[in-house]
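In what follows, structures are represented as structure tokens.
What follows is chain A paired twice: with chain B in the first complex and chain C in the second.
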Partner chain A sequence: MHWKLFADLAEVAGDREVDVDVEADAPTVDDALSALLDAYPALEPRVLTDAGKLEPHLNLLKNGEQIGEPGLSTPVDEGDELALFPPVSGG
Partner chain B sequence: MQTLCIVGEDCLSAAETLTDRLTTRREGRVATVDCTGSRPVDGAGLPDEGEFRVDGDGRWVGAGSDRSATELLDSLARRYDYALLAGVVHHRLPTVVLGDVETPPSTPIVETTPTAAELDPETILGRIDELDPYISLETLVDRAKASPMADRAGAIATFTGRVRAKDDPADARTERLTFEKYEGVAEQRLDAIRQDLTAREGVFEVLFHHRVGPIDDGEDIVFVVVLAGHRRQAFRAVEDGIDRLKDEVPIFKKESTTDGDFWLHER
Partner chain C sequence: MSLSLDATQLDRYSRHIIMDEIGPEGQAALLDGRVLVVGAGGLGAPVIQYLAAAGVGTIGVVDDDTVERSNLQRQVIHADSDVGIPKVESAAAFVADLNPDITVETYETRLSKANAADIIPEYDLVVDASDNFPTRYLVNDVCRLAEIPVSHGAIYRFEGQVTTLVPEGPCYRCLFPEPPEPGTVPDCATTGVLGVLPGTVGCLQATEAVKLLLDTGEPLVGTMLCYDAMDLSVERVPYRARDDCPICGTDPIDSIAGIEYSGGCQVEDVGSDRAASQ
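Take a look at the complex of A and B:
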């Protein structure tokens, strides 16, 4: 899966675009997020709460659609694009 | 309008070569801007008020000292399809570098060659239409006026967002904002907003343009233009358009102040 990171998340990771491999038979967004955090441990305190949940103010998109915390169980495959970013601040 | 800055030795002749190729190969109008200061008009230095001459082939030449490079681009953007600027670097405009010239880290570099002689004009011509276009408020207003619904439109409302140096006199000065966007998804979200607004009674055209990269204080960031039947419809749509852009479109802003840099969502 392909991750795109924006704003301070890209700065913390040191990369804007990341490809991750997931070993699971039926991979979910949660697996892809774990793979991302394994590859970039510095992201974990920024992305997860103390209880291990996705930070509520972060946006998590799959193929351009907002899925957020409830969407972590959504299946993903290799061609999917995932994105993680803080609240938008254009204009 | 597609823009290309060319800097380094012989940048003016490189710009002129590209202009010749563009005028013979492309439909659009081409402006060449000499920022090298090497060729004063009539040998008498640049006139304060600006000067225009037309040669025997109907081509005009202008010179003046009353506009910055970006102000000049604003005035060219309505009428020209291409602008080639020789001898100027800008932190946001696509640039060809000839030889060893320092450019700001954010400058989008299209091509670097050791000398002008090694620049292949065909490579540049092949890429120039893919570069980020230079769009001004007037560009969008012209597009709105070209609407097939223009006969029924009595109002154009526009919004321009710009970089505010200070919100309060005591604030640390904001020197620059730097924007990045989620390419593709940002355009989808803007398109959804456009569709919602143009579905309203009397709203005929809604146009957005948001610049990315570093933008200095006082410079324009975002434009929203609405063509509508009546003024109330235009005012409401332009307000809702910018409000929804700020809420929904994945664009991110980093602020650089005299006190330091920070992402806006961290504030």
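Take a look at the complex of A and C:
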């Protein structure tokens, strides 16, 4: 699974483009997110709330389309591109 | 609408006027246009510069800062000799020097819950060139309630985000319902910013503002354009209006009175069940 990370998420991870292996038989976005956080543990406090939910201000994209928290059960294939992007505020 | 362009204006704006998409009517519309630029910093500088050059007749500028030397690496309307003076003053002087057709209305203040509803409705559209989340959510909310379009741009180190918020499209909260907790995403002063970046992003915002005044082309509605200067890539992320958006959804608030903009900008305490579930 391919992940793209934007803005400070890329800095925290140290990579902008990340490939992760997902073990599950019928992988979901949630599995791919877990694989990403396993590979880049520094991301976890930035990406998940204390309750373990996706931070509400982050946008999770599958193939360039928003899916968000309700869409974590969305199935993903090996060829899908996932992305996480936060708002930025600089001017 | 201005009745006609004088000879100097026909000359000054000739490269606009000869284009069918603009013509003398379009130029007259620009000269009649009223645009509020929130922030006269990295993004605001090229926005003010190009709107003034293009002949946008009235430009409002809101900023409470003074020019610092560390601004000059990117804030191209301010000069070394301006260090220490208010940015709105420096911006107004820059515009006066560039184009005597333009009226600059300056607000040497921070846009706030107390003054936004007085300032914003005086304008046809707002360019959000601010540098912080509270102001960005305030601009989104007030403009949406007043049905005023916003050309939104924001930057981070080498990356920019641009989108256009119109009354009939999704608002900024449809994409990002609430900002990160203060301190989560570092600001320019902490992380640095590529000097050219706000030039690129601000020019895209100015492009959108001019298109909206001309009512031509396809505005960047429902799409967040993500620009990365490092590889000069552009990604277009579509987003939709959300029914549960507290500002533009099916049960919107009718006032920003209950929103606290200094912290997380959450919409709450507005006396509605839906808001309480946010």
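Side notes on the structure shown:
In the analysis below, the second predicted complex is superposed on the first by the 87 of 91 C-alpha atoms of A that agree within 3 Å, B and C clash if a C-alpha of one lies under 4 Å from a C-alpha of the other, contacts with A are read in each partner's own complex, and residues count from 1 in each chain.
Just so we're on the same page, contacts are C-beta pairs under 8 Å (C-beta built on N, C-alpha and C of every residue); 3 or more make two chains touch, one makes a residue touch a chain.
As the structure is a computational prediction, the values presented were derived from the model and not from experiment.
By the touch criterion defined above, A:29 lies against neither chain B nor chain C after alignment on the C-alpha atoms of chain A.
In the superposition on chain A, no contact is made by A:82 with either chain B or chain C. In the superposition on chain A, contact is made by A:61 with both chain B and chain C. By the touch criterion stated above, A:20 is placed in contact with neither chain B nor chain C.
Within the superposed three-chain model, A:46 lies in touch with chain C and out of touch with chain B [touch as defined at top].
When chain B and chain C are set side by side, the one touching more residues of chain A is C. In the overlay built on the shared chain, the residue A:8 is in contact with chain B and with chain C. When the two structures are aligned on the shared chain, A:91 is found in touch with chain B and with chain C. Shared contact residues of chain A, touching chain B in one structure and chain C in the other: 6-8, 57, 59, 61, 64, 83, 85-91.
Only residues 161, 179-182, 184-185, 188, 210, 221-222, 242, 245-254, 263-266 of chain B touch chain A when the two sit together in their complex.
On chain A, the positions that touch chain C within their shared complex are 6-8, 11, 46, 55-57, 59, 61, 64-66, 83, 85-91. Contacts from chain C toward chain A in the complex involve residues 39, 41-44, 128-133, 136, 153-157, 159-161, 175-180, 184-188, 191, 193, 198, 226, 235-240. For chain A in complex with chain B, the touching residues are 4, 6-8, 57, 59, 61, 64, 83, 85-91.
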